[in-house]
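You will see two complexes here that share chain A, one where it goes with chain B and one where it goes with chain C.
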Partner chain A sequence: MARYITKRLLKAFLIFFVSITITFFIIRFMPSNPVDLLIDPKMGPEVQEAMMEEFGLDKTKGEQYIIFLKQLLQGNLGTSFKSREPVSQVIMQKLPWTLLLLFIVVILSLAVGIPIGVYSAKHRGKFSDKLINIVVMVGISVFVPFLAFLFLYLFSYYFKLLPTGGAYTPPPAKGIRYVIDVLKHAILPSLTLFTANVASILMYTRNSMIDVLEEDYIRTAYSKGVKENKVIKVHALKNAMIPTITVTGLMMGSMVGGAVMTESIFSWPGIGRLIYDSVSALDYPVLQGSFIILALSVIIMNIITDLIIAWIDPRIKLEG
Partner chain B sequence: MKKRKILAILMVSIIISAFVSGCANDNTPANNSEDPGQTPADNTASEPKVGGELVVGITGDPYSLATWNSNDMNSSMIMNLVLPALMVTDENANKVPYIVKDYNISDDALVYTVTIHDGLSWHDGVPFTVEDLAFTADYAVKYKLGYGADMYASVEKTEIVDDTTIKYYLSSPQVNFLSQMGFWVDIMPKHVFENVDDPANYDYDGLGFGPYKVKDYVKGQYYVLERVENWPLANDGQGAYLDTITFRVFPDANALVLAIMNGEVDVSGSALPIAAQKQLEAEPDKFGIEKVNSLGFGYFSFNYKNELLSDQKVREAIAMTIDRDALVNIAIQGGAIKMDTPISPVFPDLVKSDIKYPAFDIEGANKLLDEAGYSDTNGDGVREGKNGKLLEFDLIYRTSTANIDSIANIFKANAEKAGIKINLQPVDPATYTDKVVKQKTFDINVIDWGVIDDPDSSLSTIYKSDAALNIMSYKNDKLDELLEKSASEPNYEKRIEIMNEFQKEFVKELPSINTWVRINAYGYSKDFDGWEITPGLYGLMDVKDLVKVYKK
Partner chain C sequence: MSEIILDIQNLTKYFDIGSFGTKKYVHAVEDVSFELHKSETLGIVGESGSGKSTLARLILGLIPVTSGKVYYEGDEITGVKGKYASKVRSDIQMVFQDPYASLNPRIKIGESIAEPIIVNKLIKNKKDVRLRVEELLNLVGLQPEMYDRYPHEFSGGQRQRIGIARALSLNPKVLICDEAVSALDVSVQAQVLNLFNRLKDELNLTYIFIGHDLSVVKYVSNRILVMYLGEIMEIANTEDIFINTQHPYTKALISAIPEVKSKGIKERIILKGDIPSPVNPPEGCRFYSRCFKAQDKCGKTHPELREIDTDHFVRCHFSEKGGNKWLDI
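And then the complex of A and B:
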C-alpha cells in the first residue's frame, strides 16, 4: 500500500509538472499580450514599455518560465496584472465559494442519483425506468445557460422567491443570518449544476447496476433465497458503485473550473468566473494560478477515487 | 407486478402535481406582496432629501481602487465619486471645471494657472490643496503611472501660488493639457504617496476627497461608499443626498436586468444591451431609462499596405456602399445614431460645418469603379484591377463587439452589390490586436473606439501619420499639418476652423469611414429621482450628476 501511494504520488507530481509547463506556454503563446490589449490613444509607448517591464514580459519566455518555477517552489504564484494583488490571495478569495457550490452539488447528485439509478435498474424496461430514462436524456442534453436563465426567471423574477445573483446580499449580515443568506443565494446555481450533473450519476449507477445484477454471484444469492432488497444493498450496490465513483471524481475535478457559465450568470464569485475574467484581460499569473488549482484538484480527485475503489473492490490491485 | 406499475405512475403523477401546485401556491402570496412599496404613482412629487441606500449593478469586475495604475472603467466609475475629476463634461461633451474653480491659459498655451475650490479635505481630515496637484504631476511622471505619465509629461515645473492656486509651466504649447489630465488623472493624496516608492504594488485603501468615501469592500463582490457630510460642492454645501451607494458585480447583463426588475438593484452602472432595455421599458411606471450618446464611435478603416485599398477610388467606392441607416436601425437595432461626419455629432460645435462622407449610393460606387478601370471581365460578380487582381478583401472584427455579426453581414452584402467581395474574419480580441494593431496584416477592420474626447485638439493621437494607432499606415502631409496646428492653437473658434479643414481633407482621403455612435442606455428604479446624464465616461454614475439623486 505504502509503495503504491509513493509511486502514485511520484506519477501525480510528474503529471502536475507537465501540465503546468504546457499551460504556461499555451498562455504565453496566445497572440498579443495584456499591454497591447489596452489599445488606447492616451497611452504612450513609454508607459507601455514600463508596464511590460513591471509585468516581467520584457524577458524571453524561457526566462519567464524559470522565474515562474522558482517562485512556485517558494509557494509564490506571482502577482495579478489586473489587480496587483498576490495570485494566491485572489484565488483564495474565490476558491471557497466554488468548493461550497461543488460540495452541495455533489452531495445532492449522489443522494438523488444513486437511489433513482438503483430503482431504475431494478425496474429495467418497465414504464418507470423508461420515464426516468427520458428525464435523464433531457438532463444530459439541456443547455446549461438556458436552464440557468429559466431558473432565474422563474424563481427570482416571477415568483420573487430567491435572489438573482451574488453569494450574499452586501454588506454581509452576521452569524446565522449570513449562513441563511448564503444558502439562499446558493440554491439556484446549485440547482442548475445539479440538474446538469445528476443525470450522469443516475445513468452510470443504473447501467452498472444492470450489469452487476446479471453476474453469477447475484444469481447465486437469489437462488439461496436472499430477499431482493438485501441482494441489492449487500451484494450488488458496492460493486455497482465503481463507475459512479469514477464519474463523481471526474465531475468534482472538472467542476472546480468548469462552472464558468453558471458562475457568470448567477454572479457567483468563484474560480470559473475568475478564469473567464482573466482570459479576457490576459491576466497570465491569475490564469496560471487557476490552472494550477485545476490540475491539483483533478490529480487529487483521481488519487482519492482510485483509493476508494480499491477499498471497495479488493480485486483491483493497487500495484497496477 | 401490474400493481407496481400503477403505483409508479401514481407516484410520478403525485410528484408532478405536487410540484405544479407548489408553484401555484407560491405564486399567490408572492404576487400580492409585490404590489405594496412599489407603487410609484403614490410618490410623484417629492422633495430631495438626505437619506436612502442606492444599489448599483455593474457588469465588470473593478481591477483595483488605485485608478492611476490601471485604466479600468469600472474602477474609475466607483472612484469618480471618491476622487472627483478636476474637469467634467457638459451636455455638449466639452470639458468644464468641477474641482477646479477657475483657470487661465496663457496665450502661448505654455502657462496654466489653475484655482481649485476651497473647503475640500481628504477623508482623513488632511486639507486638500494644490500641493496634492503638484505632487500628482511629479509623481505620475516619475513612476510612469498610466495616463498620468503622458499627460503630465510636458510639465517643466509647477509653482504653488497659495493653497488653492497653482501654476503649471509646460515645455511645449499644449491647448488640452488641463482638459486631458484634469479629466483622466485622479489627484493622489500627497501625504500618503510621498512615502510610497512602489505605487504599482501599494495597497491603496481608497482615501479620497469627494462626496463619498470608501466604507467597505470585497474585491469582485461589492463596494460600499458612504456619504460625506456637508461636502461643499454638492447641493449648496449639503453634500450628496444618498446615504450609501453599494456597487455589486453582475457579469451577465441579462441577470443584471432581472436584478433591477425584482428590486435587488436600483440602477445599472454599466450600459445595457438593447434587449435588456426593452424589458425595463415594458414597465414604465416602475423603471426609467436614461440614454446618452457615447463619446466613442464605430468605424471601418483600410490598410494602405493593400495595393488595391491604397487606391483612393476603391476606398471611396467602398465608402459609398456603407448603408448607415441599415447598420444603425437593423444591425444595431436602433441602439446607435448615424455618424456621417469624420468627427462625432456628440460634439455639436465641430460638426456644424456638416462636412460629410460620400453618401450611400451603390450605383455611384459601381460607376466610380467602372471609370477607375475596375471591371468584372470573367462574369463571376467580382471586379478585377488592371493587373487582374480581384477586388476581394478580408473584413476583420472582434467577436466581442456588440451586434457585430449583423454589421459585418450588411457591409458585405452591400459591397458585393458593387462587385467587391468581402470575406468575413471574426476573431477574438487578442488575435485582433495582434493582427490589426501589431502586425498590421489585415485589409479592412471594423470596431468601436471607446472614448475619443477633445476632438478639437487630440485627434493627432489616432490620425497623424506617425501615430502608433495609425493602423491604416497612411500618410497625408496636409492632415498632419492641420492636426499639429489644432493641438497648439489656443483659440477654440480657430481650432474649429482648423478641424473643419481637417474634415474636408479627411472625407477625400478616406483612411477610415466613421459610421455610428452608440447610444448608451442605463436603467433605474423610479423609487429614486433626480437622475441626470451628459455624454461622459460613467453614465448615471458621473459624480456631478449622482450627487443630485435622491430617494423618493
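And then the complex of A and C:
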C-alpha cells in the first residue's frame, strides 16, 4: 500500500510537471503581447519596455521558464498583470465559488443520475427506458452555452424569476438572506451544468447496471430467494458503481478548472470566468495559476478515484 | 421404484424473440415430461442449445413456463408465490454452471453462503448462522477459516465447492446440478463428482445432473435423459442407455466418449453441422437434418415418445424392443 502510494505520487508529480510545462509555453506562444493591451499605443516605447521588464517578458522564454519554476517551488504563483495582486490571492477569491457550484452539481447529478440509471436498467427496453434514453442523448449532445442562454432567456428574461448573473446582489446582504440570495444566483448555472453532467452519470450507471444484471451471480442471488430490490441494492449496485465513480472523479477534476463557458455566461465569479477574463487580458500569471489548480485537481481526483475503487473491489490490489 | 419426488408434465417454454410486431419464438423446451424418484440421480445430456438449462430453470421457477406443470411431492409448484414458494425454493436448489461467474466478486464467500439462510429465515442468530456456514464449508471439503475470503482467492474446484455449500445451506431435498463440473479440469471434475456422490449418501439427496459430457453424466446417474432441440429423445436406466441404445442421437453421443483401448477402437459417429435453429424447428423428426439413419418418413412425420421397454422411452420411428442392430454402421 505505502509503496503503491509512493509510486502513484511520483507519477502524479511527473504528470503535473509535464502539464505545467506545456501550458507555460502554450500561453507564451500566443501571438499577442499583453503589454499592448494594458497601455495606450500613443505612449512611448520606453514605457512599453519598462513594463516588459517589470513583467519579466524581456527575458528569453527559457529564462522565464526557469524563473517560473523557481517561484513555483517557493509557492509563489507570480503577480497578475492586470490587477497587480498576487495570483494565489486572485485564485483563492474565485475558487470557493467554483467549488460551491461543483458541490451542488455533483451531489444533484449523483442523487438523480444513479437512481434513474438503475431504474432504467431494471426496465430495460420498456417505454420508460426508451424515453429516458432519448432525454439522456439530448442531455449529452446539447451545446452547453445554448442551454445556458435558453435558461437565461426563459427564467431571467421571460418569467423574470431568477437573476441574470453574478453570485449575489450587491451589496451583499447579511446572514441567512445572503445564503438565499447566493443560492438563487446559483440555480441557473447549476441547472446548466447539472443537465450536461447528469446525462453522462445516468448513462454510465444504466449501461454498467445492465451488464451486471446479466451476470451469473445475480441469477445465483435470485435463486437464493433474495428479493429483487435487495438483489439490486446488495449484489448489483456495488459492482455496477465502478464506471460511475470513475466518471464522477473525472467530472469533479475538470470542473475545478471551472466550467469556462457556463461561468462566463452567468458571470459566476469562479475559476472558469477567471480563465476567460485572463485569456482576454493575456494575463499570463493568472492563466498559468488557474491551469496549475486544474492540473492538480485532476491528478488528485484520479488518485482518490483509484483508492475508492480499490476499496470497493477486493480484486484490485494496490501494489506497484 | 421409490416414491416420486418431482413430476414434470408437458413442460414447454417458448421465448418470444419477435420484434416490431412479427411473431417469432424460440422453442427452447417442448413438451417435456418425466418423473424424478426419491434418492435417484437423473442425468440430462444433450449438446449446447438443446434446452437443458432452460428445463432446469423452469423446474426451479426462475423463469415462467409457457405451458405444462411441475409437481413437487404431489403439489403443483408452477407459478406459486408466497410462503409455499419459498419452501419449494429451499427444497429444490441449483448448483450453477460457471463457478467463476456465479459468485459475486464483492461479497465474502461465507456471507454468500449465509445469505440464503438469512433471507429464508432458517436461522435467526448471527453466531449460529456463521457456525452453520462453517459446518457447510467443512462438509464440502473446505476449511471453515475460508469464511472471510473473497471469491477471487479460490481455484475453480474450490469455487464449485462453495457453490455446492451455498446450494446445501437450505437443507434441500433435490439438487439440480447444471453443468456443475463442465468448467473444471478433468482431475478436479473427478474430485467434485466424488463429492456429489458422497453428499448424496450422507444427506439423502436426489439429483438432476445436467451435462453435455455423457461419460461424466454416466458416472453419477441412475437414469439418463437425452435431449435434442428441446425434446426428449430417449430416457432409460443408465445401463439400458449404454447397452440397448435405441436413438441414433444417443448412439452418436456414446460414440463420442473417448476410450482407453488399444484394440478394436469403435468407429465414431461424427454428426454433420450444428444443432438447427430452434426458432422454426424442422417439421418431422427434429434430429432429421443430422441423423445418419434418416429416412424419407423422418422428414415428414414427427415421431412420438414411445415406451419400447420397461422404463425405456424413445422418440424414433424405427426403434423396437430388444433390437438395436439397425443402429450399427
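The rule is short, and it goes like this: the second predicted complex is superposed on the first by the 312 of 320 C-alpha atoms of A that agree within 3 Å, B and C clash if a C-alpha of one lies under 4 Å from a C-alpha of the other, contacts with A are read in each partner's own complex, and residues count from 1 in each chain.
In this section, a contact is a pair of C-beta atoms (placed from the backbone, for glycine too) under 8 Å apart; a residue touches a chain by one contact, two chains touch by 3 or more.
Please read all numbers here as calculations on a predicted model, not as lab measurements.
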Combined model on chain A: chain C and chain B, fit or clash: fit
Chain B versus chain C as contact partner of A:235, first or second or both or neither: second
Touching partner for A:313 - first (chain B), second (chain C), both, neither: second
First, second, both or neither for A:222, with chain B first and chain C second: second
Contacts of A:131 with chain B and chain C, given as first, second, both or neither: first
Touched partner set for A:273, first chain B, second chain C, both or neither: first
Computed vertex angle (chain A) for partners chain B and chain C, CA, steps of 10°: 150
Broader residue contact with chain A after superposition on the shared chain, chain B or chain C: B
Touched partner set for A:174, first chain B, second chain C, both or neither: neither
After fitting on chain A: smallest Cα gap, chain B-chain C, Å: 13
Set intersection of chain A contacts, chain C complex versus chain B complex: none
Touching residues (chain side chain A, partner chain C) in the complex: 215-217, 219-227, 230, 234-235, 238-239, 312-315
Sites on chain C touched by chain A in the complex: 60, 62, 86, 89-90, 93-94, 96-98, 101-107, 115-116, 119-120, 150, 152, 163, 166
Complex interface listing, chain B residues touching chain A: 4-5, 8-9, 12, 23, 26-27, 30, 33-34, 61, 63-64, 66, 69-72, 144-147, 149-151, 153, 180, 184, 200-201, 216, 218-222, 224, 246, 248-252, 254-256, 258-259, 261-262, 264-265, 400, 429-431, 433-435, 437-438, 452, 458, 461-462, 467-469
Chain B-touching residues of chain A, taken from the complex the two chains share: 30-32, 36-47, 50, 54, 79, 82-85, 90, 93-94, 123, 126-128, 131, 149, 152-153, 156-157, 159-161, 163-167, 169-171, 264-267, 269, 273-274, 276-277, 280, 282
